[in-house]
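Two complexes are shown next, each including subunit A; its partner changes from subunit B in the first to subunit C in the second.
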Partner chain A sequence: MPKHIVRLIMSLGIVILLVIGSKALFTADSFGVYGHYRANAVPEIASDTPKYKGPDYCQLCHSERHATWSAHRHGKVKCEVCHGPAGEHPATGKLPIPSDTVKLCSTCHEAMPARPAAQPQIVVSQHSGTQACIACHNPHAPRIASSGGSDR
Partner chain B sequence: MQELYHVAPYTGYVYPNETVFPWGVLIVIYPYITGLVAGSFTVSTFYHVFGMKRFEPVARFALLTALSFMIFVPTPLLFHLGHPERALNALWTPHLTSAMAAFGYTAGFYILLLMLETGFIFRQHIVARAQATTGVVRGFYRILAFGSDDVSENALAYDRKWIRALALIGMPGAHILHGYAGFVFGSLKAREWWASDLMPAIFLSSAVISGIALLVLLYVAVAKVRKFALDNECMRGLAYTLFGFLIFTLVLELLEFVNLIYKGREGIETVMALIAGPLALGLNIQLVGSVIPLVVLTVMIWRKTQGTPLVVGLTVSAALIMIAVLAMRWNVVIGGQELSKTMKGLLTYHAPIWGREGIVVAASVFIAPFFVLWALTRLFPPWDAGSQRA
Partner chain C sequence: MKNKTHKTASGRRVFLGKLGKVAVYAGALLGAARGLAKGESSAAGSFPTADYDWTKHRWGYGVDATRCIGCLRCVEACKIENGVSNDAHHFRTWVERYVYLKGEDKPRIDSHSDPQNIAAAGSQGEYRFDNRYKDAEVEKAFFVPKLCNHCEHPSCVQVCPVGATFKTKDGAVLIDHTYCIGCQYCVQACPYGARTFNYEQQVTDKCTWCYHRITKGLQPACVEVCPVNARIFGDLMDPGSAIRKFIRENRVQVLKPETGNAPTCFYIGIDKEVS
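== the complex of A and B ==
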């Protein structure tokens, strides 16, 4: 057999040994203790602090806002959906107040095929153009009373 | 606000209850590049395995093309996942249900195979260079030659055997690699736009046409630059192959589409809204880019077109097909995600320009193989007749 073929086969053998060796070396430590995953991942994830606190938490300090909100249509939409996850707020600072409401509100209200009919939808370009939604709607009590019907 | 926009709807209660596109333009480019590999490798096997002499002028160049694109096949995934240091974890602890690990093995095996094949095909040239040069260049070529300068008839006979064997193994390899990309999409049963058993076959045959088209474009371009005449028989062979695989692709795509509409499963209204809405442009590009080449190729084959008209017609068809296949990748990858998984509404994809998953990165990943190809043709000249014929 020519020299280069012999050497090629030997090199391929070395590559295979290297691969087997690396598998032994690089497999994560606690892998496979319980199943096909890294056992250490469980305590690591469990020790994460939750980022979302839920509306009950907000009520502690923003009780007035909470009262308005829970009495109106948007009572189903949790505060942190619009204001972002609370995390350690207020220790870490104020939560953002969404400024581009057209963008915020149209993610849920822009008319779309196959969106369930029960979901209030508008065609934003016809409804209000580029005007901010909060020029007319209160984000915490969105239904406009003059349009008739109760706000609940 | 931008961050908030990203978080907000995701945690909401409103349909469509998702806004994030896990797979963006990078994942559009990924099957595109893989396909170009499968296509150009197929042309090279026509010569090296099936012995079709008319493909000889491009056979070695096709191999280099496949190699340069294959090197970049994993890059879109690495950019997308963003943890290159963990890339091999899936391979160290593979699972039978992990398509990604299967990909890692196939791709690794296939890159190795392409390198070996290239090494063998250019071995005479490598040995000659190792003898004619000095210093680092010589060292480089000597390593590639495994320190041997044996070009006796016996050694060459061994080389020929290896070339054929590698090409023979490479053929299923190339096609499995790309069939797998289709499988990854086709097996996601929650996505109506993807969940089709025809998906792997469609990916495969469109891969082959895009690869052949790329080869046609490169062949014509190189002939212009290096001022050599295009081989008429080779061009006709490429035209026939392109024509055949194009028909096959179109039939499969049509069948899949009709199947989807005719079955009319749950959520079909949303699919129709997708077709009429966000995907209309992409689908039209795909349609026009496939039908015009089909007509042009049919006419050319019917009239036995030769010479310059053949070159023009084939080049135009190839360019359109390249665009059509890219559009097809977009329509599959982005289109499938524009349908909400609940099938209650459509999402909107905005391709970012900058950033890890942006258009700039995706375009760079697509362009980089051309530079590598240029470098490879410097090291291993595929055109001059002096090097080894397999």
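== the complex of A and C ==
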């Protein structure tokens, strides 16, 4: 074979080897196993630890509070909505008990256009002003018996 | 002379033929090797975790806008659960308020990142709609929760130049943050504005349907905290799931169907202006 052809073939071979080598070097191991992405990214993302634990977790210790709460009208509003995520509680300390109840309760119950009619709503200034909501309402069983309604 | 030319041409033909054969064999060999590797990894057990096999699920999301009260607990929970930056302009889910005032053709739209709403909340780390329309003459008003639609044909995945974003076998569109180069093509490609850019980490961020929760049998954080069941999540493969019930019992629609993205978030109770 002529010399220049041999050289051409050899340099072509080197280029091909370079391409294959650099692809192997620069592509993550699991890339392309399931598609055009790094497959190991999926178990990595799935391995994060959940912070919101759900009411069953709270019930393990706070069974009495859980029983009151779940039997009343706020039974759909889960513990962590007002108290924040349990995370590693109790190991990491207490969860907050909201102090500014007017601000907290009005987040859902302030009368506002766009809020569905089925949602119980109050005009804060006419209802109670700056008085704390918990002066009259138990947040775990919010309906007041004397107002005539049963709390369910 | 004539003969010699002929011989050379035939030699070239033979050479090309051989080259072709080598290429075919090499291709077949490579393909077989890849197939073998694939077979091995799936035989090793369930993927992506030991207790969760993504081929046995197909997730779907429902939004009942008639129920949403705009409390924004979903936005807060999402931020905490996923460690999303604490300012009002980076978020994986959000809620829009549509207000049609009497005599106006177009709705006024705002969300938690509106300056007046930030002021009402007290800080960018708290989320609240202000009551700016309380004395206005409102014709019609409602809230619409929004998030990534986890499309069947996601435009964001199509434009990613490095394969950093992808659709999983169980239906979630995820981002591999170690592979993302921060070019933000996906942010522009998404027709729903569901992606934001994290300037600290120089990567794009988006809703994962709380993939770390749903693979452990939990609900996404936004669904978990919604006090009025405006957000519904479940397995489309399970006829008894909440999402299948939601789709069966309602006339559902998707946002911007004309894009061909085929979202797997289904809405009820939204209006013509919502997209």
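Simple rule for what comes next: the second predicted complex is superposed on the first by the 108 of 152 C-alpha atoms of A that agree within 3 Å, B and C clash if a C-alpha of one lies under 4 Å from a C-alpha of the other, contacts with A are read in each partner's own complex, and residues count from 1 in each chain.
Operating definition for what follows: a contact is a pair of C-beta atoms (placed from the backbone, for glycine too) under 8 Å apart; a residue touches a chain by one contact, two chains touch by 3 or more.
These numbers come from a predicted model, not from an experiment.
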| item | value |
| --- | --- |
| Partner chain in contact with A:I45 - subunit B first, subunit C second, else both or neither | second |
| Partner chain(s) touched by A:K3 [first = subunit B, second = subunit C, both, neither] | first |
| Contacts of A:G129 with subunit B and subunit C, given as first, second, both or neither | neither |
| Contacts of A:G35 with subunit B and subunit C, given as first, second, both or neither | second |
| First (subunit B), second (subunit C), both or neither touched by A:G54 | second |
| Which of subunit B and subunit C A:S22 touches, first, second, both or neither | first |
| Touched partner set for A:K78, first subunit B, second subunit C, both or neither | both |
| Partner chain in contact with A:G93 - subunit B first, subunit C second, else both or neither | neither |
| On subunit A, the residue positions that both subunit B and subunit C contact, one per complex | 28, 31, 36, 52, 76-78, 80-81, 84-85, 107-108, 112-116, 119 |
| Interface residues, subunit A side, partner subunit B - complex | 1-5, 7-8, 11, 15, 22-23, 26-28, 31-32, 36, 52, 76-78, 80-85, 96, 98-100, 103-104, 107-108, 112-116, 119 |
| In the complex, subunit A residues that touch subunit C | 28, 31, 33-39, 41-52, 54, 76-78, 80-81, 84-85, 107-108, 110-116, 118-119 |
| Residue ranges of subunit C touching subunit A (in the complex, touch as defined) | 37-38, 41, 47-49, 52, 54, 66-73, 77, 80-81, 97-99, 128-129, 131, 133-134, 136, 138, 141-143, 163-169, 174, 176, 178-179, 208, 210-213, 215-216, 218, 221, 224-225, 227-229 |
| Interface residues, subunit B side, partner subunit A - complex | 1, 3-5, 7-9, 11-16, 19, 88-89, 91-93, 95, 112, 116, 123, 145-148, 150, 152, 154-155, 158, 162, 267, 269-270, 273, 277, 340, 343-346 |
